[in-house]
Structures are given as structure tokens and as C-alpha cells.
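What follows is a pair of complexes built around subunit A, which joins subunit B in one and subunit C in the other.
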Partner chain A sequence: MSVLPAPLAPTRPAFLTRTTPAARLVAGTAWLVASIITLDPIVPVRLSLAAIVALWLWSGLPLRRIPRRLAPLGFAMLSLTAFSILLSSANGDISLAAVAQIGPARITGPAISAGVAVGLRIVVIALTTLLVFGPSDLTRMADSLVQQWHFPDRFAYGTLAALRVAPFMAGDWITIGAARRLRGITPRSPVGRVREAGGRLMVMLVSSIRRAERLALAMDARGFDSGVRRTHFRELRMGWRDWLTITVALAVAAAALFVAR
Partner chain B sequence: MTEAAVGGPSIYPAAPPSIEADGLGWTYAGRTRPAIEGLTFRLEGGRVLLVLGPSGSGKSTLARALAGLVPHVLPGSWQGGLRVGGLEVADTPARLLGERIGLVFQDPESQLVMSRVDDEVAFGLENRGWPRPAMVSRVPDALAQVGLSGFEPRSTITLSGGEKQRLAIADILAARPGLLVLDEPTANLDPPGMHSIFERLEVLARRREHTIVLIEHRLDAALPLADDVLLIDDEGHQLAFAPAGSVGREAVELLERSGAWVPRAWRGARPAGKPTGERAVELSGESAASGSRSVEVGVLLLEAADVHIEYPADESGTRVALDRVSASVRAGERIALVGPNGAGKSSLLFALAGLLRPAAGTVRLRALPRDGEAAEPMRDPSRLRARELAARIGLVFQDPELGFVAGTARDEVSATARATAGRDGPSAGAPDQQGADGVLAHFGLGHLAGEVPFRLSQGEQRRLSLAALALRPPAVLLLDEPTFGLDRRGTEAVLALLDDRRTAGQAQILATHDPRLLPACDRVVALDRGRVVFDGSPDAFLAAPPYEPAAPWRDGVAHGRSTAPRQADR
Partner chain C sequence: MKALAAYRPSTERFRWRTVDIVVVALLAVAFGVVFWAWGTYVWAWGSFLGPQTESLLTGVWLLPAVVCPLIVRRPGAALFGELVAAVVSALLGSVWGLDTLASGLLQGAGAEVVFLITMYRAWNPAIAILAAAGAGVGEAIHDLIVSYPGIDYAGRAAIGAAEIISAIVVVGIGGWLLVRALRRTGALQTFPSGA
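And now, the complex of A and B:
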């Protein structure tokens, strides 16, 4: 039974699918920094627009599926925006005119603008993450970390293998819960519920450790980390597309920050 | 050739090595009893060895020793000698062994590392330091050897079970090992997947480019591939090593007595009328015919009507898991639920147990009526409270571990009774405990009452998962691959326990890939792509399986055998 939706992956070759993850990480970091260092909402608005254009034209990702994937983040964005507006220190500044009055709370213009900027940052972070990680799978990211940034093999590919089995843990969790319901085990008190959740976690831990042991043994049997210097089936090198991506991303970040309204 | 120019370890095919075991023994750290002991045989290079033995006979340990995981990765103590191609395993660095020996494991899910098919094949080559050009030319060759040409860019999660296991074999073949060791490679596969593995193994065996050691439970398919056989008993002692065609009758009988599956070809050769032989040949027939039923097959206990279930998928939006499926089961009836992976068997079990509410259609369930009482009305299981549900339906998972809820075997057995007590009325702890100990004794687990369920063997865990439902037996019992990984003795034990319950009127639905179980069932319901494609007797199913190709679904059972279970008159 498949309980998890298929991962978001490029459906066609595109400009960014031919870049290395390392280059995209640098480019994405520039945008994240740019969106964080100012409270002016125009910066995240500009970066969000740029990210949408980049996703649309160069990521190769199926656009139709993106909104549903980001829906959970929408909630985080809205609540963060609302709280930022409500709790902004600008609301206490009596020299500013109140735009709205909610019960005892008065809301000022600058508070709204700062709150919206905070919410829009979440949008920039989400879209930029998609641009960095979306165009190639996690294997390429591990390759990139090892080959370009010289992370240890054991860390990068070990983590990769662990991530690959994560969906099975989701399946196990559902099975464990089902088994308990069918055994008539339904705690009523809050304490019972906590204990019950602990029991479920315990079973999942045992099953995950068994799975990890099997995987580790299979990796050992295939010579992983046996002392031989590892070679690379896929060699990642910075190409003109990578340099262009970084240059354009830096230029867009600068423009978003410094071009006047 | 670029390969010659760059050089590198072992990119040329190694000659198939011989295997010489000389009093080989291994005891895992923390155990007192050796897993294997005194194995002595000589297998010539390029031959195929089939290893037979019951659960706990140390077959997997032998596989690990051949691959050097024992003694180089796993802790324990080594006795005697084992030479592969003249290299003493215990004295050769694991790295050198790894270049000559490939090991394929049982579960395809936990041996694939990468998410893309070509990366996956290259992973072992990267680890061994192959130069890139050699890998680029080797990966497609290895995929072609297992019939997966053109799969390079595919994501491994989109492959079927059989494809995944063939990929795992390609991973191993890629490094050109002289010795190929396969530890139950088809155990997790559906019949078509199993068939595809044996097809590939047959080609490999014919080529004689590898020495092959095969450990398998599906012996009728595996035996024709074997040149030699090694028989091990339940204590890890060697019973025989001989050419596959000339195994002594005495050794076969000893193997059978140790609880192992035995290929049908060997049983047929034995003179008729031998009691030990009869029992094994008619495993299912005997189980099915044993005991008489006190409750007539008749009262409808569970009914699914036009059940429709969809899951969220990718581009297309949703994937239909069950498409207007109808099925029913009556008291005292045992149904086999069969179909390829992804046909909807698990979804149907979950829907029947009320764990998954269908998008359309209905599931209705009721408790077994007590003597002389009228049957209660049929109710929707997904709307029942947990304790009401527990009395009416139970589910035993393929992996019993996921269903364990308690810290000891004894608590495991009394857990349901304890959870539902206090609501049905006062119930003291002491009688429960006595009841639990009685149940454990009946299931052959009496000596393990205080043991942690996770520490039991696979067969013991399976019996405990059934024992856990014995104090408050549900009216309907659903079982997902109830005999998975069990040897003949384990399978017989499970079927005997199920027979007891069925005699008392319990309805049972077994989802299974093992055709050997079908004759022990009253009826077969076959699913394909979410639809019911067959609902009838096991004989009719085996005579004409509703799948294309049909052959994989027949393997493993005698055809035209008139040992179908007694069909109660309806």
C-alpha cells in the first residue's frame, strides 16, 4: 500500500537540471540571505517572483503539483504573518495612525508591512529550497557534497541510504497503529495515550534498527567503506551553467535589495 | 579497450572458484550453540550448489561465511577451514574477498542503496575503486544480464519486487564475482517475480561463468538448477553433500525429520506407505482434513460489497487500489487471497478490518453467534469501537514484530483481554495470567513466557502473534503471508493452530504468495489490478490461474491432485 505521494521530480530536462547541486546551493543561499537582512516587504516579493519565473522556465518541475506540496507551509506563513502583525512593536507607537482595531489591539501600517515581509520570507525559503533540491535527486546532492565539498563518503552515502528507507518507516507507523487498534488497545487517559505512543515508537525503533542492520550488512557486502579509495560513476564539475546560475542569482539578489521602488 | 588502459581491481571476469569447507563451524558472539558445525565438502568451480535445511540450520550463516561477512564483519568464533578459490576466508582481508564473491540477500528493499537504477549498479563498483570508463561500460552489461536493459534512468521505488531483486543481482554481477551466493532471493516476491528470478538464474547457471550457491525455500523451482546439494539439519550439522540426482534416501528422511521443506521430486522417489513421507507430502491435505467442524460453514460473518479505494498518486491524481470489489466469508470458512504485488490485497485486508474507509461501497461484519442465539446484525467495522472490533476481527501481519504490544510473551497473550477488561466487567489479573500460560503452552511457547517478544525466532514470533489472539478469539481472522519465512515444520504448526480455530467456527482469510497453502483453503479469491478476477475452488484456480502468464501461479503444488479440502455442503 502506498501511503506517501510520489516525490516531486523534474518531468523534463531543463537548464537547472543540468547544474550541479553545489552551484544551486550557493545561488539559493544568496537569495535566502537577501530575503532575511531587510524588513522591507518588497525584497521577498521580488525574490518570490524571480523564484516563480525560475521554477516555471528552468527547473523542469511539474508546476501544477507545486501548490499542493507547499500547502502545509501556507498555514505556517499565514499564522506567522498574523502574529507578527499583532505583536509588532510599531503597534505601540501612538504617533502612528491605527489602520484597524481588533479588540484591545490597534494595528498600524508599519506593523502590517513588517508582518507581511516575515510571511513572504517563508515563501522565498520554500521556493528557493525547491529550486536548490528539486532539479536533481538527493543522490546528486550526496555526490556533490562528496566530490565538490569533500564531505566524507560514509557520512554522505550513509545519510542517503537512511533517507531512502524513511518512507518504509511511515508505512511501519501506520501498520503498528492498526495492529494496536485491532488488539483493542485504545488508551483513554492522557497518561495512557503518552504511554501508548511510547510503545508505538519503541516498536518502530526496533523495526528501524533491524532494517538499518540489514542495509548496513548489504552495503558492507558490496565493499562500502572497505578502505579502497572510492571512485565516482557520475563526475560532477562546475560548468558554464553553474557559473551562470550563481552570477544571475547574485545579480537578482542585489537587484531585489537595492533597486529603488 | 579502455579497461586495459586504466587498469584497476578485478575488472576482468574472475574464474569461478571452487569451495572447500573443512570442518567449518561458527558461533555468533553471545551464543553458546554453534550456528553451523563441522561442514565438510568440496564444490568444483562453475557448479551450482543448493543448500537445504530447516529454519535455524545456519544456511544464512554459511552464505555470510562464503562472503567473508563472517568472520570479518560480524563477531563470533570460527572453527575449521573454508577456502574459496584457494583463499582461506578467515585469513583473507574482506576487501579481497569482496572482489571475488557476491552476496544477494532476501529482502530487496533493504539492500538497495541508491534511488536511480544505474547509480545503484555502480555503487558496488565505486566502492571497489573501479575507474569511471570501466563502470560506464559495465553498468548496462550487468543490467542486460538480468533483463533490465533500458532501466538505467528509472527510480528504484517504481520497480516491482521482482525487478528490484533482479536489480540486486545485477549490482552483484556488475563487479564480476567468480562466486555468487543467493540467500533466499525469492522469499519476498510474488509468483511472477519469483519466476523471473529463476529464469535469470537458469541462464547464469548454464553459462558456467560463476560458481553459484543458492539457498531457497521454493525447492521445486530451485532443484532443477542444482548440480550438487548440501543438506543441513536443525542444529547446523551436515547431513549430506551429494550430486543433486543421487541423494541418499536416509539423508532425505533425516532432512524431512528436521522440519525442512523437501523437493517433491525426492518425495516421489520414496516407496509409498512410509509414514514420515506421507505426512510431508500431504502437508496441506492433512491439515485441511484434520478435525471436524462443530459449526457448519454457513453464518455470514464478513461481507464487502462494491468496495472502492483510491490513494493519492502523482500526475494522474489518484491511483485506484480496489475497484468495486465484493467478497464474503462465512463461519468456519478459510479463503486464500492471492494476486501479484500491488493487486490490492493489503488494501482489501485493511478495508475488511475497518482500518481504511472505502470511498464507495460497504464492509459489514458481525460476531460469531453463540450456541442457540440469533446472529447480531451486520455492522460497519470502521465505526466500531476498538474493543468491539477486537472481538470480531483480528489481523496478523507479515512482520509479526510490528504487531507486538507488550514486554513479555505472557503479557502479549493477555494484552487484549486486559485492554478490554474493566469495561466489560470486573476481571481479575490472576486468571488471565493462568490463561495466558495455558495458551503459550498450547502454542509451544510455554518455556518463553517471560521472554521479550522481539527476541524470539521468526517461527516463534509467528506463533506468538497467533497466540495473542487466542484468549479472545476474533470471529474473523485476517492473515498477511502467515507462513512467510517458515520451514515445513513451522508451516504445519501454523496451519494446525488455524485448523483448531476454524473448527470452532472462525472465518479465516489468508493473503499469500505461496501456492502450497491453497489446497488447505476452501476457496480462492484472486485480485488483479484492484479487481476480483477469480472466486472459486483451489482446484479450479490451480487448473486455470486467471493471470497471464499462468505458469508461475501453479509452481510448487502438484497438479490434478485430489487432495482439496473437504467442502462442507452448502
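And now, the complex of A and C:
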């Protein structure tokens, strides 16, 4: 899938690669919630630093590839911060001194600090996501959700099967485009390009549905829907590393929120 | 030939067959890729036009919440489709990462409630539009808390309204037309929606 970013996989065993995905989800959610419930910018700064340390020491991920992967973050962060500051309700408060005046808009101190907090939120979210999903693959994630949280197994493994055939869709996309060019469909205007992409998408969806039907038939032929109770090849249980991860994550979240500056 | 066997509406209306699960999952994966591409290449630029204008671009993120249930007509299809699409976009490196799971959950639930009220019996354009609006409400709740907490009341109302309008146009009307187009190709013959 050349058009899509390659998945970030751990290159060496590390502490977090030996934890179960369910435990990392709990830990990650704690940081997510901690960064969302406050408008104090120090909290996302502390959590981002903690996430960077964790990525560095315990994730096993190739650190050099992370900055490029996080590049789209810059856009969202800038625009969110800028508009949160510009449109903040604090700007209308006359009792607050204006820090700056941009055209008709007054900018106040609390508006800036809340805006920065909102912008940094996505940094925490992005780094935490790497810590949760990065250290193990999707098969393990499905195993963990089914065994530890009792997700319905047909849905978890059905989704996993769909993910396995997803790369073929990228191939379909290219083939369909080539076929359409051969028929003389070569749009030049921007509107034409959008319509062409829509037509390609339509054909791709039809072929995905067909592919999914064949896959389901093959799975049912092997008793996927037999109703027999499923046993597990890879047993996943909470270990000391999982409990430690959750405890430390909660402690860090609490410290980020409550330790005075 | 179980997966391709004729659908029996009265006895199996609430049971998910393997083919329902895999088709929803695969469509959701496709939408997840669209989510990521939309967020990275379109929304990222659109976001510089201000939150109200940007909110008109958010409808695309709700497509699975309406398209998946319209195709398979099973309880939970809105939630399942939206969640899988959210996970895929998070895996591809969407800016919102783990938080897409929260949005996916709220958006899917918003649409799911509408289908639940009809007891999964009504599948017309009006219900599609209502479900889209439901998903839009779920999205607005999330975004106003996570992305726009400090903005003044009027601004937040405008953002919420823009997201719901976008949902109705892109997902309610657009999603309905998409499913109709798919039905016309004959691709939905295994499903109640294509019979």
C-alpha cells in the first residue's frame, strides 16, 4: 500500500511490547481523559513529556520514524490553537486586560492559555495513541479484547479478517484507475477529478463487497459460525507488567493534573 | 452456501450472519482509509477557514454510521461500522488517534438510537436523514468538549449546527444515494437492502 503510511511496528522487544493491549488501552485512556478535562496548558505539557519518555524507553518503536508520522499534527494543532484563542469567550470579558488587539478582536491572557491547552491536547492524544497501538499488532489487540474484555469473538475476528484483505483494496484502486484510463476517462478539471474519484470509489466498494462475501463464505465453510465455544491459541492474561503500566499511567495522570507549578 | 443463502426476514432480523460482519467490517476499513485521507489532505487545509466553516467538512466522518446499517439492516451496525472505521484511521496515523474511538462511539451511538427507535424496521430516506442528524449530534457533543471548549456560546452553537447540517447533507442524503447506487449494481443481493 504505497499510498498509505506503513504501520509503525516495534523493532525490538521492550517493556510495553510485553503488556496486553487491554492494559495499554486503560492506561492511554487515563491520559486522554486527563488532557481533556482541563484547560491548564501545563497538564498536556507534562503528559506529552511523559509520553515521549515512555516512547523512548519502553515502546520498542523505531523512534526515527515517529516525527514524520506525526507531521500532519502540526496543521491541526496550529489551526485549533489559533481559533480557540481568537474565538474564546474570555475575550469578551471586559474585566480582563487585553494582551493583544488583532483588528476588532481583543485577545486576553486566559484565552491564550486555554487555546494552547487545546492545541497541546492533540499532541498528548497522538503520542498516547502510539503507546497504545504501537507495541503490538492487531491480532493481539483482537485476542486481548475477546479474552480480557469479552468482546463478541465473531465480530473481533471477522474485523481482523476484513483488515487482512484490506491491502487488496489498494490494488483494486490502482487497477480500476488503469481500466478507466484505458476507456478514455481522463478528467482534467478539478470537478472532473472529483467525479472520477467518486466513480472509482463506487467500483471499489462493489468489489470490496464481493470480496467480503467470498471471504465470509470461506470462513463459514470452516465453521466460523458453528456456534461451538471458541478456545484460544494465544492465552492473554493480566500480568504484573499490565498492572504496573496501569498504576504508573494513573499516577502520572494524577500528578500532571494536581501537582502545583 | 450459507452465507449466500436467501435472507429470511422474519426469523433472522436480529442475527448477524458472518457475511454481515465481514461486509460491514470491510466497508468500515475502506471508510477508515477515507477518514484518514480526508483528515490529512482536506480537513487539515479546511481547518484554517475557522471552526464553523471547517465543521461543514466533518460529515464525511459519519458515513459508516448510516451506510453500514442501510446495507445490512442489523442492530448495532452503526456503532460497529463507525468504531472499526475509527480504529483504522487511528492506526493509519490520524491526528486524533485514540480519541477517534471516543468520537466513533458517540457518532455511531447517535445514529444507532434512531434505528433502534424504528426497531430496525424502517429504512427510508427520512430515517437515513434522521440517523445522520443523530450521528451529527453525537459528533457535536464530542467536538464541543474536546476541540472547542473555550469558545463563546454563539460560536459553539454555530459549530454544532454546521456539523449537523454537514451530516444531513453528506451522510443522510449522500449516504442514501450511495446505498441506492450500490443496490443498482446488484452488489447487495445477499442483503435485505438489495432484495
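In this text, the second predicted complex is superposed on the first by the 231 of 261 C-alpha atoms of A that agree within 3 Å, B and C clash if a C-alpha of one lies under 4 Å from a C-alpha of the other, contacts with A are read in each partner's own complex, and residues count from 1 in each chain.
Following the convention adopted for this analysis, a residue touches a chain if its C-beta (ideal position, glycine included) is under 8 Å from a C-beta of that chain, and two chains touch if they have at least 3 such contacts.
All figures in this text were calculated on a predicted structure; none of them were measured in a lab.
Participant: Check the residue A:128 against both partner chains and state whether it touches subunit B (first), subunit C (second), both, or neither.
Facilitator: In the superposition, A:128 contacts subunit C only.
Participant: Once chain A of both complexes is superposed, is A:220 in touch with subunit B (first), subunit C (second), both, or neither?
Facilitator: A:220 contacts both subunit B and subunit C.
Participant: Would you sort A:231 into first (subunit B), second (subunit C), both or neither based on which partner it touches?
Facilitator: A:231: touches subunit B, not subunit C.
Participant: When the two structures are overlaid on chain A, which partner does A:161 contact: first (subunit B), second (subunit C), both, or neither?
Facilitator: both
Participant: On the A-aligned overlay, A:88 touches which partner chain: subunit B = first, subunit C = second, or both, or neither?
Facilitator: second
Participant: Check whether A:206 is in contact with subunit B, with subunit C, with both or with neither, and answer first, second, both or neither.
Facilitator: Once the two structures are laid over each other on A, A:206 reaches both partners.
Participant: Considering only touches as defined above, state whether A:15 meets subunit B (first), subunit C (second), both or neither.
Facilitator: Neither: A:15 stays clear of subunit B and subunit C.
Participant: Quick check on the superposed pair: does A:151 touch subunit B, subunit C, both, or neither? Answer first, second, both or neither.
Facilitator: neither
Participant: Residue overlap on subunit A between the subunit B contact set and the subunit C contact set?
Facilitator: Shared contact residues on subunit A: 5, 138, 161, 165, 206, 210-211, 215, 217, 219-220, 224-225.
Participant: Within the complex, which stretch of subunit A touches subunit C?
Facilitator: 4-5, 7-8, 28-29, 32, 36, 39, 69-70, 72-73, 75-76, 79-80, 83-84, 87-92, 111, 114-115, 118, 121-122, 125-126, 128-130, 132-133, 138, 154-155, 158-159, 161-163, 165-166, 169, 201-202, 204-206, 208-213, 215-217, 219-220, 224-225
Participant: Would you pull the subunit A residues touching subunit B in the complex into a rising list?
Facilitator: On the subunit A side, the touching residues are 1-3, 5-6, 9, 11, 62, 65, 137-139, 157, 160-161, 164-165, 167-168, 172, 175-176, 178-186, 199, 203, 206-207, 210-211, 214-215, 217-235.
Participant: In the complex formed with subunit A, which residues of subunit B make contact?
Facilitator: 9, 67, 69, 73, 94-95, 98-99, 102-103, 105, 107, 109-116, 118-119, 122-132, 135-136, 139, 155, 157, 171-172, 175, 311-315, 319, 321, 346-347, 350, 353, 355, 385-387, 389-391, 393-395, 397, 399, 401-405, 415-416, 419-420, 454, 468, 472
Participant: Which part of subunit C faces subunit A closely enough to touch in the complex?
Facilitator: That would be residues 1-4, 16-19, 21-23, 25-30, 33-34, 36, 39-40, 44-45, 47-48, 50-51, 54, 80, 84, 88, 90-93, 95-99, 102, 145-153, 155, 178, 181-182, 185, 187-188, 190 of subunit C.
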